[in-house]
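In what comes next, chain A is part of two complexes: it sits with chain B in the first one and with chain C in the second one.
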Partner chain A sequence: MTDTDKEKHGKKMQSDGKMQKIMTGYYIDAKTAGETGKKVAWITSGGPVEPLIAMDIIPVYPENHGAMIGASKMGADLCQKAEEMGYSGDLCSYARADIACSVVDGGPIGGLPRPDMLVCCNNICGTVMKWYEVQARYYNVPLFILDTPFSHTKYTDEAKRYVQRQVEEYVTFLEGVCKKRLDRDRMEEVGRLSVEAQRLWQAVLDTAMNKPSPMTCFDAFFHLALIVTLRGTQTAVDYYRSLLEEMEQRVADGIGAIPNEKYRLLWDNLPIWYRLKWLSQKFAAHDACLVADTYTSAWCMSLRYMTDEGNFLDSMGEGYARAYLNIGVDEMIKIVLEMVDKYDVDGFVMHSNRSCKPYSLGQYDIQRAVQKERGIPSVIIESHMVDERSFSESQTETRIDAFMEMIGQKR
Partner chain B sequence: MITAGIDIGSITAKAVVLSDDRMLGSKVAFSGYNAQQAGKGIFDDLLKELEMDASSIEKIVSTGYGRNSVTFADKAITEIICHGAGAYYLNPEVRTVIDVGGQDSKVLTIHSNGTVKDFAMNDKCAAGTGRFLEVMARAMESDLDDFGPLSLRSGSPSKISSICTVFAESEVISLIAKGESRENIIAGIHESVASRISSMARRVGVKEPVMMTGGVARNIGVVRALERALGVSIEVSEFAQVNGALGAAVMAVNL
Partner chain C sequence: MEKLSDFYEAALDTEKYIRNLKVKGKRIMGYMCSYTPEEIILAAGIHPLRLFSTKGTISLADAHLQAYSCSLARGVLEDALAGRLDFLDGAVFPHTCDTIQRLSDIWRLNTRFAFFADVVLPVKLDTESARQYMEDVLRKFKGDLEVGMDVRITDAALKQSIDTYNRIRSSLNTIYELRSANPDILTGSDLYAIVKGSMIMDREYLAKRLPEVIEMFKERTPSTDTEKKRIILTGSICDQPDIYTVFEKAGGVVVWDDLCTGSRYFEGLVGTGGDPIASIANRYIERPVCPAKHTSNTARGERLLEAVRKHNAQGVVFLLMKFCDPHDFDYPYLKEFLDRDNIPSMLLQIEDPLQSEGQLLTRFETFIHML
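On to the complex of A and B.
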């Protein structure tokens, strides 16, 4: 590789700035909703946001906010504050940071805008139910819980009917709070945009199949924000279309995300938000590119189950119920193995996240399966996604170094 | 070819000099709080003992948690790879290495060519490490060196159920208060360490022959408890404590 070749790799993406602008605008809109007369709903990351968009309600994500708190290294203080309030240190650090933030208006944006309602979907974990109940009491606002039964392997007809009925209740709930009817045509339009954005997001992630990969999972963690927060809007569709173009251009120009991609890795679990830079540099120093992850692809997994696109409201249930954290370990293994093959990875990096039990439980089984089925090495890093008090640099470093040495020995 | 390996652990620093597959000498000293000085100090001392000059050492590899502080080393390699290489040097048949050091413990499986196949390390917790034993020795007002022989005289090891070092310490203190025999308590402590390590070992899958390395391998009580917990026999080399440094010196040969 020549020096000029080297220079062109690892360059910053143009879309980064665009994303920042959109997110700033989004948070300003949300924070000034009181003045513009718009309603604000807090919603869980895996919750069905499309009806909110269709009702012109601004969706706000405490989990996205939690990620921002983590990335700004403000997590430990807020988590500690929650512990002082009486919450256990074993509780998810998103929940702790959010609950504390409501009381002190802390964090990088001075707290989230006050909600008019809360929407909680338990397709990611059970923690969110208690967390949202706490917040519903604190803000004294109505709470809607969408209960998605755990889908070990199948989505039964009973489950389908059960979820479907709740979707209708959800609509009734929103109509009650907003005192207006849902425009069904608009709902279908939003649904169409949501599916389109998910397809584009998947296409963006798929550009990592190229060698060298034009993006790392650290890029994906960053560009993820819109598919989470603004799924169902034209803004998200436009953004991902231009991001896809940028990635495709990089591929055409042979630009890699890291200077010298020698090894390709898969990441599992949530990011360690306060250590993204350190981790990405650490892996890049070993010429290792984390090309894909199980986390960011969770926001396009519903595509698998979207049977009737013309009827979004009726068909979205299954996609939401079969979210990555609401399926059995055997199903997770299938998805991970698919990713190992698709992105042609040499190793598997698993973040055992003490915050997120549903994500971390079963990791050893998944690890064993990947080792047995594909014979690739893996490493487990113990940490917390937001609470930096539980991160040990030297221990993590040793694990990563040893893991990379092991992969090197294998070659 | 003459090579050296330097292992800077959390409690002790170790150095080994190797000449064409023959170990010329080794040394162990306390690390102190300055890893850089510890590396330089132990290397100089060992060379003096061997009446050798630094210029005669062709390649140096550093390892251990202070590996990046040894600025005069040609390369830093993690203790995982080095313990595998050291064990393989001592006995090429070995397939599983259990290394228990001051602040961490690890289990690694190795391929028939001596490269590492898989590994697991203790999580951020002192349970199952040398530090745990040190804390217990203090609670027992005993010398850690006596732990091994004393525990072998135990008739029925006490049950220490807590994983947390601080809680386990208070369990030990209450056992002392109840008048439980020293031998039984110490044997119980060893079983607690062994159960922690054996579950980690099972995670990577134990394949015989098994070798134990690291400072804690000198404690016969822990070795026996681990053998019982895993149902295998475990070999311990006389160079167990310097195995990481030995492996580093071995790795240096092929730099």
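On to the complex of A and C.
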């Protein structure tokens, strides 16, 4: 590789700046909702946002906010504050940080706007229900729970009926809070945009199949924000379309995300928000590119169940109920193996996240299955994704070094 | 105590008790959590056994569950993997917390019992659609059990089973009430043995035996000692008989509880008219809620205050299992509810093995002196 070749790799993406701008605008809108008379709903990351958009309600995501808190290294303080309020230090650090933030208006943007309602979908964990109960008591606002039965081995007919009835209950709930009817045509349009954005997001992630990969999972963690917060809007569609173009251009120009991609890795679980840069440099120094992850793809996995062909509300329930964290360990193993093959990875990095039991318990079984079926090395890193007090840099470093050595030997 | 030796034996050496049942030809179904529809299992002629961890050293389970899972989940998995539960014909996992949810997968993939079922109950219990779903899920479970265990569960058998459980539950309730009125007529360890035994022993036997126990207690003369401080225990499961004894040593007495292995197990009876499965579903919808389920945002707090008033308690002890998310989330608000009414409380985080008796005693004494 020549020096000019080296220079062109690892370049910053143009889309990064655009994303910052959109997100800033979005948070300004949300924080000034009181003045514009718009209603604000807090919603879980896996929750059905489309009906909110269709009702002109501003969706706000405490989990996205949690990620921002983590990335700006304000997590430890807030988590500790929550502990002083009586919340155990073993609880999810998103929840702890958010609960404390409500009381002290802390964090990078001085707290989230007050909610007019709370929408909680338990397709990611039981934690969100407890967390939203806490906030429902604190803000004294109505709480809607979309209860999506866990699919250990299959999505049963009973579950399907139950979820479908709740989709209608959800609409009734929103109509009650907003005192206006849902415009069903608008709903279909939002649904169509949501599915389109998800397809584009999947296409962006797919560009990592190229060698070298034009993006890393760290890029995906960053660009994820819009598919979480603004899916169902034209903004998200336009953004991901241009991001996809940028990625495709990179592929055409042979530009890789890291200077010298020699090894390709798969990441599992949420990011360690306060150590993203450190981790990405650490792996890049080993010429290892984390090309894909099980986390960011969660926002397009439901594509196989959702359709945009004129009945979004009917297919939405199943899409949400069969989210990655709402299925059995054996189903997760299948998806991980598919990703190992699809992205042609040499190793598996598992973040054992003390914050997130549904994601982390079962990881040891997944690890063994991947080892057995594909024979690739894996490593486990432990942390609380937003509470930096739980992270041991030296221990993680030793583990990564040993893991990379193993991969090197296998080659 | 001698008079309750049957309960003590079952509670202290569960394995021996169950192996004896097995020799008599009973099939045994293990279960986690008080939301298991035991009535249906019993109606199939199968013996339901609540799984408690035998509290051996954890080694095999470490290969499946991180150290940040509760010791109940880890302990039960360890027992299964170590072959200490080989008398089971199967196991049932109701959906409750995130930990049990994953434990169920791990169990299904790593153990080889003849039968396995998830009962994916609704998480919210305050809507008509949830009630309907609860009923659907119970019907499905009944079908799974019939196929998997090759039995037929008739409505008559269900009705009989419901009757048995109603008798057991109301007896337990009476025993609790008696103790609340006269705490000295039975010790905390007696109470522990009775409650734990009731989740282990033959249910038909219990339905007849518990009323006898009640008669026995009624004959005892209540002591006039009113010095003891009246405490309510709240938390998930209490499988720590020593705790009751240490309490009593410290000058307190447990007069009521809000535990899955306590009042949440027996409160609320199944209606006897109408369709049996629908009636069972209704009880699970209406019974006092566990923190992994949702009714209203303040249901548990209100209920706790009500129990404090009703049983004239002077303090509340939170007995929380380490790494138990649902209970940990409720603790601050429950404490706040108590604080508002000037009811003192203390938090005791438990994990197997339990901390030393000396330490516990000091903590309890300090708390009880405050009351």
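Just so we're on the same page, the second predicted complex is superposed on the first by the 408 of 411 C-alpha atoms of A that agree within 3 Å, B and C clash if a C-alpha of one lies under 4 Å from a C-alpha of the other, contacts with A are read in each partner's own complex, and residues count from 1 in each chain.
Simple rule for what comes next: a contact is a pair of C-beta atoms (placed from the backbone, for glycine too) under 8 Å apart; a residue touches a chain by one contact, two chains touch by 3 or more.
Note that the structure is predicted; figures quoted are calculated from it, not measured.
Asker: Now for A:Q409: first (chain B), second (chain C), both, or neither, which partner does it touch?
Answerer: A:Q409 contacts chain B only, not chain C.
Asker: Now for A:S88: first (chain B), second (chain C), both, or neither, which partner does it touch?
Answerer: second
Asker: Check the residue A:K277 against both partner chains and state whether it touches chain B (first), chain C (second), both, or neither.
Answerer: Once the two structures are laid over each other on A, A:K277 reaches no partner at all.
Asker: Report for A:K21: first if it touches chain B alone, second if chain C alone, otherwise both or neither.
Answerer: The answer is neither, since A:K21 touches no partner chain.
Asker: Should A:Y364 be classified as contacting the first partner (chain B), the second (chain C), both, or neither?
Answerer: both
Asker: Based on the superposed arrangement, let me know which partner A:S390 touches: chain B (first), chain C (second), both, or neither?
Answerer: A:S390 sits against chain B, while chain C stays out of touch.
Asker: Look at the residues of chain A and decide whether chain B or chain C touches more of them.
Answerer: Looking at chain B versus chain C, the one contacting more residues of chain A is C.
Asker: Quick one: classify A:R399 as touching chain B (first), chain C (second), both or neither.
Answerer: After superposing on A, A:R399 lies in contact with chain B but is clear of chain C.
Asker: What residues on chain A does chain C touch that chain B touches too?
Answerer: Shared contact residues on chain A (touching chain B in one complex, chain C in the other): 352, 364.
Asker: Considering the complex alone, what residue numbers of chain A touch chain B?
Answerer: Those in contact with chain B are residues 352, 364, 371, 377, 380, 382, 390, 392, 394-395, 398-399, 401-402, 405-406, 409-410.
Asker: Where on chain C is chain A touching in the complex?
Answerer: 63-66, 68-69, 95, 97-99, 101-106, 108-110, 118, 120, 122-124, 127, 129-130, 132-133, 136-137, 140, 291-292, 294, 297-298, 320, 322-323, 325-326, 328-333, 335
Asker: Once bound in the complex, which stretches of chain B touch chain A?
Answerer: For this pair, the touching residues of chain B are 65, 77-81, 104, 115-121, 123-124, 203.
Asker: Flag every residue of chain A that touches chain C in the complex, lowest number first.
Answerer: My answer: residues 85-88, 90-92, 95, 122, 125-127, 129-131, 133-134, 136-137, 143, 145, 147, 149-153, 156, 158-159, 161-162, 165-166, 169, 328-330, 352, 354, 357-358, 360-365.
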